[in-house]
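Below are the structure tokens for one structure; questions will follow.
The letters A, B, C and D name the chains in turn, as written, and every chain counts its residues from 1.
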Amino acid sequence: MAGFDKVVANYAEAMVGLEDGMTVLAGGFGLCGIPENLINEIRRKGTRDLTVVSNNCGVDGFGLGVLLEDRQIRKMVSSYVGENKLFEEQLLAGILEVELTPQGTLAEKMRAGGAGIPAFFTATGYGTPVGEGKESRVFNGRHYIMEEAIVGDFAIVKAWKGDRFGNLIYRHAAQNFNPMVATAGKITVAEVEEIVEPGELEPSQVHTPGIYIDRLIQGHFEKRIEKRTVREG
Amino acid sequence: MALSREQLAQRVARELEDGYYVNLGIGIPTLVANYIPEGVEVMLQSENGLLGMGPFPTEEQVDADMVNAGKQTVTAIKGASIFSSAESFAMIRGGHVDLTVLGAFEVDVEGSIASYMIPGKLIKGMGGAMDLVAGADNIIVTMTHASKHGESKLLPRCTLPLTGFGCIRKVVTDLAYIEIADGRFWLRERAPGVSVDEIVRLTAGEMVVPEVVPEMVF
Amino acid sequence: MAGFDKVVANYAEAMVGLEDGMTVLAGGFGLCGIPENLINEIRRKGTRDLTVVSNNCGVDGFGLGVLLEDRQIRKMVSSYVGENKLFEEQLLAGILEVELTPQGTLAEKMRAGGAGIPAFFTATGYGTPVGEGKESRVFNGRHYIMEEAIVGDFAIVKAWKGDRFGNLIYRHAAQNFNPMVATAGKITVAEVEEIVEPGELEPSQVHTPGIYIDRLIQGHFEKRIEKRTVREG
Amino acid sequence: MALSREQLAQRVARELEDGYYVNLGIGIPTLVANYIPEGVEVMLQSENGLLGMGPFPTEEQVDADMVNAGKQTVTAIKGASIFSSAESFAMIRGGHVDLTVLGAFEVDVEGSIASYMIPGKLIKGMGGAMDLVAGADNIIVTMTHASKHGESKLLPRCTLPLTGFGCIRKVVTDLAYIEIADGRFWLRERAPGVSVDEIVRLTAGEMVVPEVVPEMVF
């Protein structure tokens, strides 16, 4: 790497260093804003025994769902995994483990991981199965539980535009989990729809500063829609 | 007569106040948006990271990057803002959303709610529901009063794993509008043509019944 | 208020409800991005016994410094207060109290306050005077202290543009503490250089969503520079 | 001869590597930016909320909304990003900054640092220094080796209130470059013309002295 140019030549290079047994954080919500090509590269690579942290696990045949086909995922940390037949099968067969985490807690755990905060307190989950076995404490008369940060060996995100320095801007609601995921990986890889030159993004409008990004690649995206809902025009 | 889904949404909508930021859960809560009272403006929050959710898009407007918390394609109103899920749940957890409406399997006299998990059935996950019930001061639960088999969903104590502990104050069922306070249900309104006796019979948890229980008008 | 129009008619209206003894959070770093007119309104109002949380306390005669002249501040929570003679005098005279808080911890305490997180762990301040009397704990072999959130009765911020719904965009490095302050007030008032109509700000480029803003006012700003440093052109 | 301020900055600058994100404290650390080695690109982080700090502005470029952590007017380079102070310290606390350079009053053999407060004198505050020393893995402290009265600033244990506990591994003084490990100072380099004996005499904490201590070359 020369200076701050994070652009890599191909997807194989983008995922160098990913090994069996690692924890991978993935951005996206449902199929919106997911790093689809980086996921496909993990599939191609055949890395196994992965712990994947992502709000959902894609659908059958698309998104993180493709990593189930060759049983590459050992454990999934998600808030909702209801869109996936193969997921259900592997869960019931006991070859896949799931750790259900409330959506806001999941987002905050990754933000904390990136921000050097090892643990925080939240009311979310107190008195529920999520709170079982976790320390609880009262602040100002209210019950809270302690949640610990999540850090990944790899983090993969998808953005709209990225400059060569790795500064990212997300498009519309495809932002979702990507900004926190980007901060919480020991190695963070971003794929974008368009690579631009440094200076083309307005500094105060950058969503993810380049300091969090180790590698950047431009991809082509299918952007599959999970639930197409329309009204009369 | 028990309320229809539309009437449930209509009754909930009467709790909306001008200037409210509102999060509507999946199902009946979503219908509430169709019954916003005259003169009241509300702004819809979608927990994936959108404040100012608009209607579904036309065919031409459909955009894969523009979805709501139910993963449906949506639009944004003028004056919307879009942000990360961490920011979205900061907003929710921090109590900035004025009203949250969501469904449930059970609610009890302590205000606890069970809505995401039936042991023995496959667990799909709680999504944002636990954060929503823990974060909001003002929550309305909408559900049928009893199961098809006549088993009450308003209980002395929830039997299913909880989504949230002691956080619900208002329940709109197909039979009644009920408030929760001091470890009891308080019957406030009944559905048109539904008798107090029937509501009492289908409410397992302790319920205070005032002398007059007004009938909802639609 | 009709719907979501947060615009108020004048500064007096902007600060209605501010009372003696309250805690006020103020955005800005040094003199950069401070809500100068809202501060002046507090001065005019004569509210006393205030606890003010802000990274700095302005300078003599400008910014929060003006609130020292009539001894309106009882306690200051800041990371650095070295730019102010009157501050020093009142501190030594014992009529002003100061709680020094590391800059990053201060920012995070207000973010936590706005985000419903009552406390978090940080390594900052462990083993120093800041950590004294605070709970400490080891995570992954490292020492951390527990810091609690800050919530204000009032929060005052300054932004560049704001639409009528209260959505804010900050200009350059005038962003600094303003976004966190905006989230952590029971009542949050924003003053901006320009009020625009809803729809004029790109939704994904809004820094502070309008949900955090209770009142909005357009002001004129001196924007005094604390340390003018230039090079040959 | 003891190093000048410029030489101190020059020596520190040799620790810079291509692609480093660097936070430079006020004073001598700021000067490091003037001695970035050939072929090395670094990006400066300013903790108020700026990554990619440029030089001071020309008269025409001066903008009150564009200041650094020292409250000086600055510019931003192409490819800079600007963000909130919470985001800035998330970056710092989370260990994303590759190198932090800052001054100190005292450093000890455990790597503890005292830099913000002298009891009896007015306390102005720690600003971002405590976050910076707690967050970075790689910190270089620059300071004079001893006070004007010949009192060592490299101690068995800091006497002043700490800015950070056990976090410093590298110190560049006007006399030497010293590393800290295993509860001792390790003498690595000496300033041109400064003898090992003089360094040893002015170092109060236990110091390991190798057989050969190379002289810095400028």
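We adopt the following convention: a contact is a pair of C-beta atoms (placed from the backbone, for glycine too) under 8 Å apart; a residue touches a chain by one contact, two chains touch by 3 or more.
Since the structure is predicted, the reported quantities are computational estimates derived from the model, not experimental observations.
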Chain whose Cα centroid lies at the greatest distance from that of subunit D: B
Pair of chains joined by more contacts [C-beta pairs], A-D or C-D: C-D
Cα-centroid distance, subunit B relative to subunit D, in whole angstrom: 55
Where subunit A and subunit B are represented by their mean Cα positions, the distance between them in whole Å: 29
CA centroid of subunit A to CA centroid of subunit D, Å: 35
Two or more partner chains touched - positions in subunit A: 108, 111, 115-117, 122-123, 171-172, 175, 203-204, 207
Shared-contact residues (touching 2 or more other chains) in subunit D: 50, 76, 82-83, 89-90, 92-93, 135
Every chain pair meeting the contact rule: A-B, A-C, A-D, B-C, C-D
Contact set on subunit B toward subunit C in their complex: 18-19, 21, 41, 43, 45, 50-52, 76-83, 87, 89-97, 135
Residue numbers on subunit C that touch subunit D, as the complex places them: 29-33, 55, 78-82, 88, 91-92, 98, 100, 102-105, 107-108, 110-111, 122-130, 143, 160, 171-180, 207, 223-233
Interface residues, subunit C side, partner subunit A - complex: 108, 112, 115-123, 139-140, 142, 144, 148, 169-172, 175, 203-205, 207
Subunit B residues touching subunit A - in the complex, by the definition given at the top: 46-50, 55-60, 62-68, 70-74, 76, 82-86, 88-90, 92-93, 112, 117, 122-131, 134-135, 161-166
For the subunit A and subunit D complex, residues of the former touching the latter: 1-4, 111, 113-117, 163-165, 167, 183, 197-199, 201, 203-204, 206, 209-212
